[in-house]
Amino acid sequence: MLKKEKIKLLKKMKLIRLAEESIAEKYSDQKMRCPVHLCTGQEATAAAIGLLLNKNDYVVSTHRSHGHYLGKGGNLKKMLAEIYGKTDGCSKGYGGSMHLIDLNVNFMGSTAIVGNSLPVGAGLALTIKIERSKKISCIFLGEGCIEEGVFHETVNFCAVHKLPVLFVCENNLYSVYSSLLFRQPKNRSIAKMVNAMGIKSFSIDGNDVNKIYELASKELPKIRSGLGPRFIEFKTYRWREHCGPDFDNHIGYRTEKEFQKWKKKDPIQQFQTKLLKNNEITKQEIKKIDKNLLNKINLAHNYAEKSPFPKPSEALKNVYAK
Amino acid sequence: MTNRKISFVRAINEALFIAMKKEKKVICFGLGVDDPMGTFGTTVGLQEEFGIERVFDMPTSENTLTGVSIGAGLAGYRSVISHLRVDFFLLAMDQLVNGAAKWHYMFGGKTSVPITIRLIVGRGWGQGPTHSQSLQSWFAHIPGLKVVMPSTAYNAKGLLIASIFDNNPVIFIEHRWLHNQIGYVPKNEYKIPLQKAKIVKKGNDITIVSISFMVVEAIKAINFLNQHKISCELIDLRTISPIDYLTINRSVKKTGRLLVLDTDNANVSVASEIVARISMNLFNFLKTAPKMIALPDVPTPSSFGLTKNFYPGSKEIVEKILKILKKSINTNKLSNSNDLHDVPGSWFKGPF
Amino acid sequence: MTNRKISFVRAINEALFIAMKKEKKVICFGLGVDDPMGTFGTTVGLQEEFGIERVFDMPTSENTLTGVSIGAGLAGYRSVISHLRVDFFLLAMDQLVNGAAKWHYMFGGKTSVPITIRLIVGRGWGQGPTHSQSLQSWFAHIPGLKVVMPSTAYNAKGLLIASIFDNNPVIFIEHRWLHNQIGYVPKNEYKIPLQKAKIVKKGNDITIVSISFMVVEAIKAINFLNQHKISCELIDLRTISPIDYLTINRSVKKTGRLLVLDTDNANVSVASEIVARISMNLFNFLKTAPKMIALPDVPTPSSFGLTKNFYPGSKEIVEKILKILKKSINTNKLSNSNDLHDVPGSWFKGPF
Amino acid sequence: MLKKEKIKLLKKMKLIRLAEESIAEKYSDQKMRCPVHLCTGQEATAAAIGLLLNKNDYVVSTHRSHGHYLGKGGNLKKMLAEIYGKTDGCSKGYGGSMHLIDLNVNFMGSTAIVGNSLPVGAGLALTIKIERSKKISCIFLGEGCIEEGVFHETVNFCAVHKLPVLFVCENNLYSVYSSLLFRQPKNRSIAKMVNAMGIKSFSIDGNDVNKIYELASKELPKIRSGLGPRFIEFKTYRWREHCGPDFDNHIGYRTEKEFQKWKKKDPIQQFQTKLLKNNEITKQEIKKIDKNLLNKINLAHNYAEKSPFPKPSEALKNVYAK
């Protein structure tokens, strides 16, 4: 990875982190009135994959999609405006945090029913194949989604048609407050399973952004050149509560200790430390990056807060396309 | 040219050919679309003409099938997908309702999903509980879906072309017993606008609102009643959702009486909806209580014995109308001459 | 003892404890039933009391979850399963409709599947298009299902116990905004018979048929109207399918006027069904056109701005009744004093 | 396998074969007025598994279930009466050929939506586990069913709970007129996939009844003793058309040659020849078996034909259980 790329990557991770944390901070103002699923702690995948995808590559995602949206280059102001329920929101306030879209970067939509966007991603990939273009359709999912039948149907369909799909599965060990232990067979490898289903699969540390970048840069060209779909499992951890701005290690489904263990693996801290150690960045530069990002995020919140609410009567529009 | 008569199946097939020729981004997929039976003949020849990339078979994965059509839609493609029975489509309700129906709305109108979903209603020959559901009531209940139910070959072709080029998800329901009906169909492209009902027969004593196969039964009933100087206005709804209330209202204002016919179970049905809407909005125009005829609220049984009186037909329509008009006529002549109530015609010998 | 007041949530919890204690073959499973939140508090303590074999979490597999309850039912077990939102249950329509609803019928009455399916309707705080569907219209349309929608803590407990010990699949729909309502609930076991509506208030000018959270709104409306000498009869339907027409009919015959309230989209709804049925059967008793109030036929938007006037409430009910009765009263006092239309009470601070 | 067992096995296969062929023969009389999915050519699995299951083991099955029903010991007369739509039918005429039940032998139901009965079988197994009984829940499925998401959900659930389930997957290469080639990835092994999903799996020749018997006798006790579910793929072939009494090799989706190849692997003929060669049965005995079975089947047809139709008004009953 070039130094330039590394800085980009760091910036992208930080953008996601700081944006999520800004939502957490301001959520108690009661102005963002919709459920939010923050991805703090999971920024590495979103940033690395997002950076490696081309602008016209397609992305679909899930309820926890802020990072994927920003990673792909989605408009921050419009994302926040959407969470605030404003007309300038990326979905004009109709969708809320769980339904993001940015057609400028082919972020085609995140949806809130577990597994719902998977076959949609496959359909996008089908058109790429028909058009013989070199695009990719990237599908983000959580490990809970593996339990939905539609995941297996989608994998099968993509394998049969050798579609240009990258499955990005962030395994953060939990689905809401349910541990993997009660949802999937013990010691079963998700990647090995998907491999046996017919898609070349990998499983890597989801907090090591270097490795993610490396693996993805190797596999994406293969997908583009028609070698078929790829599936990558990223082992990671969400820091905050399943839904909302707080922490929930005290309520009983996971331990503070486990959380602290994962917090030490902070993908951003790890990466930054390495960059510093290798003299690829200075503390000064980091400060500047942080400051710029915080500034940008503050401006975006201001923009979102100032944007008007859509009129109630607008609710009756947009049911049918013309 | 009005003597160009072809079957409902061929009309569908022609519509598909025309749409796919007209627009390269129309694609067609579903279980068995390219098999020797070609979805009861409706998709025959398509793959040969348009290639395996635009016309292809699917794994037995109904939910994903639907989701794929949404994704293709987002990339500008118009999918025509099909299920040999409505019942199989129950596996795809998440993609249909949480996805297709709301996509345009929940992303603020920024994208849309032009999908046509062909569903076939089974009937007779022991199809039974899981192969003969109609379910338009469900689809009509969901905002964002359009629901179409053609009754003739002519309607089938024009409505299918209109559905394919509509920018919304359209549920296109074909009754298996209509597939072999023959009727006048122009050779060229034509569209029948969605949400436009058709007045099939003019009349003054009562308004009959009907859909799909019930139109066939209604026509028989009306012809019989005509002989007894009872004049019915028959409206073929064609589009079940949204409903063309303009046409219905105008007719009910004239006749003051309403009978709605449906192919679905009665409870919470499109028929109930129309009866309710007219009762609420045209209460003062109604001379008598509005009525409806639909399927009994039970699953469909399989046995020849159990299905004997299961499906209401022309006789039940006539009797209901006589009751509404407080008239009595001998209706014995109307009893089904066909002993085999479970086949669309004597040519049908099973097995499905 | 009538001052034993507990929340709707605790009433549900008590019903589950009682049923599971009474009968070893009652089991309870669903996503998160044993997690710290315990299905919004309703399943708290069950696993500790009855063990992990009878109370357990599930993989995110809604369709299989439902099928498993059918299988357990065939072996004599009564399952209580739950979904935190109605919307998630759309993945299970095959098991529900092609399986559970028809099992008893399609095997000639030889087996039955006693399942209680708890579904929670979301509302407010930006839930949006895929987290606030109601959908009782769908379930009521399917023969073989019973559909229950309690409106008070008292009803919740008695109806849930009755549902669990009913030998059929019962859809038990809880409105999230009722969960924190407090009401009188006896400590011991009691059942409220399914298909039995409750006359909540007696009155003479109009019959209001209502369900679930709309009962709360109706009561507010009626109290206001009472002050202006308008007397309404309020029926809480409680069971949506089959419907207790005996009670409705008796009331409409008395008042001659009907208003039906529903929490679902209006088109092809339970409200339409009731309006239709009454129009067909009691046409001559109706003094004015029957009416209904339900949700607009659009998906639910997320934004605070868009939802401002989305849900009809007591004000709309009052205005509709005044219109029916051709009266006019100043209704300004009725405007929602609560500025925050998107929360059930000021105690609610998100996030879901 | 004891000689006695072998004879039983032969008889069971023949019962299924002759029953199916009798339906094929009489179907054109237009008295069996419902879709029928015959299993001629696939009798080995149904017979061997059926023989090895105990009477109180549970079975659920699919649209193609005549063999599974008879294999388990289901009542022949009632099955035929059901296909004729009569009151004495096992489902009293409500279900038809696609919905069979015989509670006397815990054949809990076959259903006609692909994949529909799978989780039902898992639910039965769950109760076995709760009751700590030594029963098994046996789930029959076709290879097409593998493509339904519910298959994967069911496998996952059974694996997580280590349920006493035997999955019997008859891979006959086709789903209606669709070849496996267009439905599942090339060269993907179903058994290996299911193995990777978390269930011990096998793939064997579905026409070699000896091998089936052997494998199943080894694995069933393991399932009973709590070692978890097992999945077996049986490679086999249906001789007749997908639905109905005829042959359909001429219509274009498969070849006469392929059919003939498989016909040579007739499971019954193979087994009978071996028995004869090993002097474990005589031609005389075979003749007698055939005669008895034909007689039994004829009697059953007579019974079914004579049974009355249910009255039309009965259609309105049985919607709700009391």
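Letters are used for the chains, namely A, B, C and D, taken in the order the chains are written, and counting of residues starts over at 1 for each.
In this section, a residue touches a chain if its C-beta (ideal position, glycine included) is under 8 Å from a C-beta of that chain, and two chains touch if they have at least 3 such contacts.
All of these numbers come straight from a predicted model, not from anything done at the bench.
Distance between Cα centroids is largest for the pairing of chain B with A. With centres taken as mean Cα positions, chain C sits 32 Å from chain B.
The geometric centre of chain A is 42 Å away from that of chain B, both derived from CA atoms. Chain B and chain D have centres, each the mean of its CA atoms, that are 36 Å apart. The multi-chain contact residues of chain C, meaning those touching 2 or more other chains, are 58-59, 61, 63-64, 87, 90-91, 94, 98, 105-106, 128-130, 143-144, 297-299, 301-302. Touching of two or more other chains is recorded for residues 89, 91, 93-95, 99, 111, 113, 115-116, 147-150, 153, 156, 160, 182-184, 319 of chain A. The touch graph of the protein chains shown is complete. Put simply, chain D touches chain B in their complex at residues 27-28, 30, 33-36, 85-87, 89, 91, 93-99, 111-116, 144-145, 147-150, 175-178, 182-184, 243-245, 251-253, 308-316, 319. Within the complex, the chain D residues that touch chain C are 58, 60, 89-95, 99, 101, 103, 108-109, 111, 113, 115-130, 137, 149-150, 153-154, 156-157, 160, 317-322. Residue ranges on chain B touching chain A, taken from their complex, read 27, 53-54, 58-59, 61, 63-77, 79, 94-95, 98-99, 103-112, 114, 143-144, 146, 167-168.
For chain C in complex with chain B, the touching residues are 63, 87, 90-91, 93-94, 97-98, 101-102, 105-106, 128-130, 133, 137-138, 140-144, 241, 264-265, 267-273, 275-277, 279-281, 283-284, 286, 288-292, 297-299, 301-302. Across the complex, chain C meets chain A through its residues 31-32, 35-37, 56-64, 87-88, 90-91, 125-131, 296-299, 301-310, 342, 349-352.
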